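Every chain is named by a letter (A, B and C) in the order it is written, and numbering of its residues begins at 1.
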Amino acid sequence: QNVAAESMSKINKGWWDSPYPSQFDSSQLTNKLDFVLVQGNKLVDESGKQVIFRGMNIADPDKLLREGQWSEKLFKEVKAWGANVVRLPIHPVSWQGHGKDAYFKLIDQAIIWANAQQMYIIIDWHSIGYLPVELFQHSMYDTTMKETRTFWKDIAFRYTGVSTVAVYELFNEPTDQGGRAGKANWLEWKAFNEELIDIIYAHDKKVIPLVAGFNWAYDLRPIQQNPVDRQGIAYTAHPYPQKAKPSVKSKENYFILWDQVWGFAAKDYPIIATELGWVNADGKGAHIPVINDGSYGPQIIEFMEDRNISWVAWIFDPDWSPTMISDWDYTPTQQGAFFKNEMQKHQ
Amino acid sequence: QNVAAESMSKINKGWWDSPYPSQFDSSQLTNKLDFVLVQGNKLVDESGKQVIFRGMNIADPDKLLREGQWSEKLFKEVKAWGANVVRLPIHPVSWQGHGKDAYFKLIDQAIIWANAQQMYIIIDWHSIGYLPVELFQHSMYDTTMKETRTFWKDIAFRYTGVSTVAVYELFNEPTDQGGRAGKANWLEWKAFNEELIDIIYAHDKKVIPLVAGFNWAYDLRPIQQNPVDRQGIAYTAHPYPQKAKPSVKSKENYFILWDQVWGFAAKDYPIIATELGWVNADGKGAHIPVINDGSYGPQIIEFMEDRNISWVAWIFDPDWSPTMISDWDYTPTQQGAFFKNEMQKHQ
Amino acid sequence: QNVAAESMSKINKGWWDSPYPSQFDSSQLTNKLDFVLVQGNKLVDESGKQVIFRGMNIADPDKLLREGQWSEKLFKEVKAWGANVVRLPIHPVSWQGHGKDAYFKLIDQAIIWANAQQMYIIIDWHSIGYLPVELFQHSMYDTTMKETRTFWKDIAFRYTGVSTVAVYELFNEPTDQGGRAGKANWLEWKAFNEELIDIIYAHDKKVIPLVAGFNWAYDLRPIQQNPVDRQGIAYTAHPYPQKAKPSVKSKENYFILWDQVWGFAAKDYPIIATELGWVNADGKGAHIPVINDGSYGPQIIEFMEDRNISWVAWIFDPDWSPTMISDWDYTPTQQGAFFKNEMQKHQ
């Protein structure tokens, strides 16, 4: 008589009953949004009309939930500021801690709420470091090759054919931290991005994989010789004000440097600058490379609008710097007021 | 004075006292079974006589334990049905959850109970997916390269020289799910199997490593050009009824397709079809690729018996499909009655 | 109204508030110790004077803490025995279990206590196995490539510029256990060591990375053809008495074998033998390869002193074999008394 077995036999559900994952139920959506796809160096809707994304990052949904700020009200406010896209920076630490199934519920809500406002969603795997050696800038960005592949497999499966989910930003900010996090190698990084894109495309061809370069998603020069060898993708850049370092800080000099390092790519590919923004030197959370006196705002917008570059400001949150709001009454900061006005111009 | 240390000093055992692993104690066995080894394309016993395995899968031992069905009675019934081999499908999720040391106790029991009935054991690392990129079909199959190597290192050490444990099935069903789980590459997969075989052989040369091909262990064609470069191994196939898709469903057409994709290998290597079976379209757990009206049974058996292919039906369990029993009174299902008769013919 | 969010909003700190790691505060140190650096095949201080390390291993700090033996008293006793260096064997299992932040506090204490006695510290990642395939000799040595890189990134950051921390021993004892833990490949191992050295040097150039060869850190012959391609490093050897197996056990024959396998390297590189020691066949914890009648002691010391090889005896602990003390009153064992005398000669 196996006593252990007897007592365990009362458990009538086991790991073998764990269901297969399910897909997002699009019948929950209010609006039919066009798919956004790549055509040459443009993003276009289903009628072939150019789409320029102008929008904002919100904080990690798990943070917003913990703070009592996760609600449709937030998405309505984002829309009221003029955004047509919302970026969700999903940190590995919160993905792991919240649990995949529960986290999907948050993303589902974001999609439903964004769709109701006719806004698109960018899903961003928000890690910083050099993934091929699995070294990261901080424990909240800690992940693995395996987890990253699995994340995109699971996301691509769940949101297959959901037009509101327009962009998959494969890895937020690749950097080897000047060697402290390994030695970044473009061909290795390019190959890994291609592997992720293939996994996504095996599930869903109507989505835009978004690829970042080194130096915290600033430097796209390696694609001049070795572009990512897949169709239908876009590139990102995070052109914070202190990334370019002209000897004389004129608009012309910034434009020259921006063009050299990432802007050039807009001639051949759609570019979505998924993080940008600034704060004054004495402002909340001021840190390199985001410090600026405000002259940056009009310059970077002129640069991007001239080149049909989409942009997503960082960040519609009162805690994470550079902030766009100073409180949960959505009071705009200096950059918040600026980007709000720029978005509203295009409504 | 270090207060923390003082209070911790009461713990007089620590991680440094954790013992080295121990080996299975063969004195617990009732019968001396011949080692089964590879000779050309045959399995043979110690006198050189051909051995054909005909037997059944039971469920994961952890499942059986939790359900109160883990007992010698089960093994006696399996023997009564005519089996000479039992396959243990060890799911990564149950290996992890049960814990290595406790799981070894289950395997030990299986060996003792099987040996008492003069049956052999196949240990199967029951994962599904493409291991080199660590993507899997379901979370219950989730494992890593490291865990898989460690599993075989630990298993090979524990059961060194135990003849009852005849076969190590390295990885149940390799598949990239049509690209959704990466891109399967035969040379990469072959090399990894060779690495596992080397680890096993460094412990134990008198055991048969069993290698699977892609398409959920169906397709062995790559071994025509690139066989696994190790001696003493066998190949497996899981030829469920809907894997071959002849335009006209005649026995002859099935035989042609089976020969093309996996049966050909029986000319050069021992083959052990470690999963096969069917269920009617309206039967319990009917799903692709196991649905059949019953015509499959006699055909696949004729095909295998003609070629001296060993076979292990899926599965002597009332829950997992295709079932061979409909309840824990061991009432045979349609396929259960069929395979029972086929096994008993050879008793 | 999101009730879950409401109740979670009371949590006003989250993962996003987790601070960045901080560096060791050197103002806690009593003495200014010279940096020790590599010059040709010598270790030298800042004035270029040769340094020979002669010292001892203590147990894993986590073990000592749990036993109530973690205190400055221990370091004073080590100094009283004549040591100028202390090696900290940090086992992966204790690093994982204790937690990084808490473990840093232990290392900080070790540095402060060693510095007060004008002794240097060797930080040793105390694993045994073949890391490129992540197979290990025992679960207490279980780690990963990722964890090992992260360990050295974190250690190198925290102790940047701390001269007391003189040596980083990258991986205690590499071995494939004769194939049971994979197949060791020198070029693969060399490349991984170079990768770790680059990560360390990106943080701190004034530290000595210490590299081990296969056969449990005994065999340095591969560096004759393929030395580790980095400057400023040293090699280690763990020449326990039964590693060399001369047919006639004469001093001359041991010297020949030692020179062939590892001693030769002292002509070109600094060597630090970070483990050595013996116990009688009937002594506590006697096991291959540490058994010896005591003749080994004077021989290995003569061999090393002739060649300016630094050495660190294993181990100033009453439990771990070969022991140097038989109790926590620090009563010397046979080898303890011998090495104590050898160290005190040079005080």
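Observations on the model:
Note that a residue touches a chain if its C-beta (ideal position, glycine included) is under 8 Å from a C-beta of that chain, and two chains touch if they have at least 3 such contacts.
Quick caveat: nothing in here was measured; it's all calculated off a predicted structure.
Under half of the residue numbers found at the chain A and chain C interface occur in both copies, marking it as a different-residue contact.
When chain A is fitted to chain B on its Cα atoms, the angle of the rotation, on a 0 to 180 scale and to the nearest 5, is 120 degrees. Centre-to-centre separation between chain A and chain C, using Cα means, comes to 43 Å. Residues of chain B in contact with two or more other chains: none. The part of chain A that touches chain B in the complex is made up of residues 2, 4-6, 8-9, 11, 14-16, 18, 20, 145-146, 149-150, 153, 157, 195, 198-199, 201-203. Looking at the complex, you find that chain C touches chain B at residues 59-60, 62-63, 65-71, 91, 93-94, 97, 133-135, 138-140, 144, 177-183, 319-320.
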